[in-house]
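The letters A, B, C, D and E name the chains in turn, as written, and every chain counts its residues from 1.
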Amino acid sequence: MTGACAVLKVSFEKSLKNYTLHIDLSVGEEIITLVGPSGSGKTTILNCIAGVSHPDEGIIQLNDKVLYETSKKPLAIQKRNIGYLFQDYALFPHMTVEKNIQYGLKDYKLVEKLIDIVGIKPLMDSYPHQISGGEKQRVALVRALATKPDALLLDEPFSALDEKTRVECQDELLRIHEEWKIPIILVTHHMEEAKKMGNRKIQLNKGKII
Amino acid sequence: NPDNESDSPTKGVTISAATSLSGVLEEIIPLLEQVYPDTTITVNLGSSGKLAQQIEQGAPTDIFLSADQQYMDQLENKQLILPDSRTNFASNSLVLIGSSETSYALDDLNYLLSIDENQIAIGNPNSVPAGKYAKEALENKDLWRLDNLQSQLVFAKDVRQVLTYVSSGNAGLGFVYKSDLNRDESVKTILSIDESLHSPIIYPAAVVSTTSHPDIAKEMTKFLTSSEVQQILDKYGFES
Amino acid sequence: MNYTPLWLSLKIAGIATIIVLIMGIFLARILSRNQFPGKRIIESFLLLPLVLPPTVVGFGLLFLFGKNGPIGSLLLKWFDFQVVFTWVGAVIAAIVVSFPLMYQSAAASFGQYDKNIENAAYTMGSSKWKVFWTVSLPLAWPGLLAGLILTFARALGEFGATLMIAGYIPNQTETIPLAIYFAVESGNTNEAIFWVIGISMIGFAALIWLNWWSGRNILRFTNNQ
Amino acid sequence: MNYTPLWLSLKIAGIATIIVLIMGIFLARILSRNQFPGKRIIESFLLLPLVLPPTVVGFGLLFLFGKNGPIGSLLLKWFDFQVVFTWVGAVIAAIVVSFPLMYQSAAASFGQYDKNIENAAYTMGSSKWKVFWTVSLPLAWPGLLAGLILTFARALGEFGATLMIAGYIPNQTETIPLAIYFAVESGNTNEAIFWVIGISMIGFAALIWLNWWSGRNILRFTNNQ
Amino acid sequence: MTGACAVLKVSFEKSLKNYTLHIDLSVGEEIITLVGPSGSGKTTILNCIAGVSHPDEGIIQLNDKVLYETSKKPLAIQKRNIGYLFQDYALFPHMTVEKNIQYGLKDYKLVEKLIDIVGIKPLMDSYPHQISGGEKQRVALVRALATKPDALLLDEPFSALDEKTRVECQDELLRIHEEWKIPIILVTHHMEEAKKMGNRKIQLNKGKII
């Protein structure tokens, strides 16, 4: 994030079972919301940016770092510094909520505040299998933010939250974005949420931006 | 004691000995230690075949006490022992045993098949010396090839296993050395096998050629034929 | 009563277990992530010490590590060290016979958890090494623990191969199994029973301790109760 | 060359493996679901055949199953059947020594998957039996397969205890390990090598076949590749 | 479902980590929606009804069957005949989508139609780890319906679906309810959805109905 404006450039192709994913996208210091029918390739896009899976060809770039380029060895996940809230959370089942959050912790102060705001303070000693679905989702959110990433990928981050908690989390995310000014991609099925959170909305269908 | 090739204050001598000698050695070693106070004596026990294999592979052994000539010959042919050190120091004899509750005794091996016992334990003739001698005796009596004998034989990997089979009652009869009997009260002699029926059972000793203390080792080997040692051997059933 | 076999057995089985644990996990991890044509051949080769009689394994080791053997001669030349008839020989025997147990258990357990959890750890910037220690290892732990228990037990009980390469030398290579064997051999039933009880208690203590220790340090997640 | 040891080994190891598989899974499943005070004691008792020299295990079996032993005498009285010096004795020896391998592997793998998936199956009205076969078993399969491989290999290679209880009776109880042992002991190197290669090939074939078979029939989910 | 009106009676207490769950509820041949903040005990209630976990005391009854009664052995899960869509789906990872659905299949015709309507036909040969989050959710829905249960528990069944798919699934569920006339409890965070689907809405907070 030195110098110029933070930017995530994503332009690739990947053939999936039923269609081919074509994506060409540039995200500045903004929140982009990604919407589209179930199975249209949203998670796959995030996976490719995070490095969990790889495109067939194209280029992915974050600031000055090339994350992926056709026929070159992709940059390892751990060198990308991208925060990722997985759709199924992927919490560490053998660690308490506290340990989960501390795992990649860089921004102590923020996290302390976040834990309060999203309301997971009483859960710090619980293991993931001992907490509710929405609680897991909030833990995963805090964990992704704790690493102070250069870009943030959120796969339906508020889907398991009630109205009130959802608004609190949304507002906090907006505040953090204000402060960090990093590219954020947020997948959601809520049109309202997309409107509220996104500087821009991107509509996906069968692997194509429309 | 003259010892010119080593300047270390204590010397180590390793004796590889057939398992059947373990009791005897427990009494002999202290005697040797008295004679050679600055020598540490280590004993390695095993079946003669295993010990010979270890020596062939260069295991650090100085003296080999075998329960059988065959293994010593094998080493001598490969020049792994010092030929002039080879000494016969003990002999043994073969007995047919049954459990201590057995009510009969035999006068001759010929009657073996007349006994209604369904199992006869014998060391595997190919690898256990006691088995080899038993086989010779049975062959001399023209019994070995008989189907009703063959069908009764159970082969063991060592003499101890024969004793176990007989003492537990699973085999009615078994061939072991006379020296094995004093270890076990649950078996008794049914027949002492005539020594003319098999090649002599003689225990040879020799110094291994790779030894670093050939002189001490040779003296120790010779010491085995001393009357002190022979008395001990007698006590354990090895006639001299 | 002479307690040397006890200490000797603990030392030999302990060292062998640690080495097998490290090597087994390492190899299982590498092989379980890669598919290549000769993999099954390597795996069945690793299984070999299990299908051969220990005495025959010992014979093979004696051949390899003997004075004139391919490895033994080098050790002798380079380090002036002889393996045969030493407790180190017993450690080698224990390693070889217990290795398949660790390898198979480890390979299975590395295939039994959700790999996406490792990916999550990577997205937090953790090195491969950190992820391995803090995520892969604990997630695979139940199977690894089973392997560890089997390995220690097998190493503790190793007899045939040990006798061949380390010899039966009282106070130097006389482990508990050898003590039991020769006590039985020489009709010394009381001593045999003493050591059978002794080795059972060690096995029991190790089982208790391993379960307790791993429960405290590694496996505090109980997603299955 | 006489091939009897081959068939005998396959028969004995095969039967023993099937029995161990069933008993091991059953016991592991029961013990892994229940916590009770004496559990660790039972578990370490099950581990015993691994820490004792096979010959000593064989000695114990001979005592139990012998003509005058507590079990052997009953078998003789009731069924007029003698275990000692028969291939059935070899099967018993193989079962006893390989049981710990199956048990530990199975116990670990039953603890390594998410139990809620079983609950989902129950909500669909399935019986315990159906859930066990269609859900628990496949989910635990990687560990069970490891146990199965170890069990077969160990049963195939069993020597010390077999020799003790089954004796070495050519064509009746002469398994491949016994053939190898006595070939080595009597300096019959060619025969020894023949059988070492033979038993290795069986192990190899079993490994390949087990992996292929389980891949086709049980483990077609690869959530980890 | 013979004779009288189908009814699910739930009245129990269960102490959780931070509060005690008190619930007293009777569901006829209707759809009840259960709403409440994340962590308020919704999933726990469904778990107790399904038999996956048990109350501390109380009674749970479905038609004439007692499912749970204080200090008696609870009825085994498999004897309750209650369809349950788990919040985390709990699909069988080792079975294809087709096998998952066939597992407890009783109503062949319905399922064939359902597969078409919810749009998972092309996925029949895929394994759960090969499909998207929303696809998993729909598979779990069809699987729960396939057993033709006496009561249905749905834990946020549409949370991972886009607007359009969601409406299709909602409508289909209403149609099925029309036909089956069984008690259905549906957990949701969408107020709109609660209004649309529920004959009644039950609001939960810290384990109590308010």
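Here are a few things to note about the model shown:
Here is the rule we use: contacts are C-beta pairs under 8 Å (C-beta built on N, C-alpha and C of every residue); 3 or more make two chains touch, one makes a residue touch a chain.
In this text, all values refer to a predicted model and were calculated from it rather than measured experimentally.
Annotation of chain B and chain D: jointly contacted by C, touch as defined at the top. The chains in contact with chain B and with chain E alike are D. Using mean Cα coordinates as chain centres, the one most removed from chain C is E. Farthest from chain D in terms of Cα centroid separation is A. Averaging C-alpha coordinates per chain places the centre of chain C 49 Å away from that of chain E. Averaged Cα coordinates give chain A a centre that lies 44 Å from the centre of chain C. Chain A and chain E have centres, each the mean of its CA atoms, that are 29 Å apart.
Chain C and chain D have centres, each the mean of its CA atoms, that are 20 Å apart. The set of chain B residues touching two or more other chains is empty.
Contact of a single residue of chain E with at least two other chains is seen at positions 88.
Counting partners per residue, chain C has 55, 59, 114, 184, 223 as the residues that reach two or more other chains. Inter-chain contacts, as defined above, occur between A-C, A-E, B-C, B-D, C-D, D-E.
Touching chain C in their complex are the following residues of chain A: 50-52, 76-84, 86, 88, 90-95, 103-104, 127-129, 143-144, 146-147. Within the complex formed with chain E, the residues of chain A that make contact are 17-18, 35-39, 42-43, 87-88, 122, 126, 130-135, 137-138, 155-156, 159-166, 189, 191. Against chain C, in their complex, chain B makes its touches with residues 14, 16, 19, 22-23, 42-46, 50, 53-54, 57-61, 160, 183-184, 210.
Within the complex formed with chain E, the residues of chain D that make contact are 114, 116-117, 119-128, 131, 134-135, 138-139, 218-223.
Residues 40-41, 43-44, 47-48, 50-56, 59, 100-101, 104-105, 107-109, 111-115, 142-143, 145-146, 149-150, 153-154, 156-157, 159-160, 177-178, 180-181, 184, 192, 196, 199-200, 202-204, 207-208, 211, 223-224 of chain C touch chain D in their complex.
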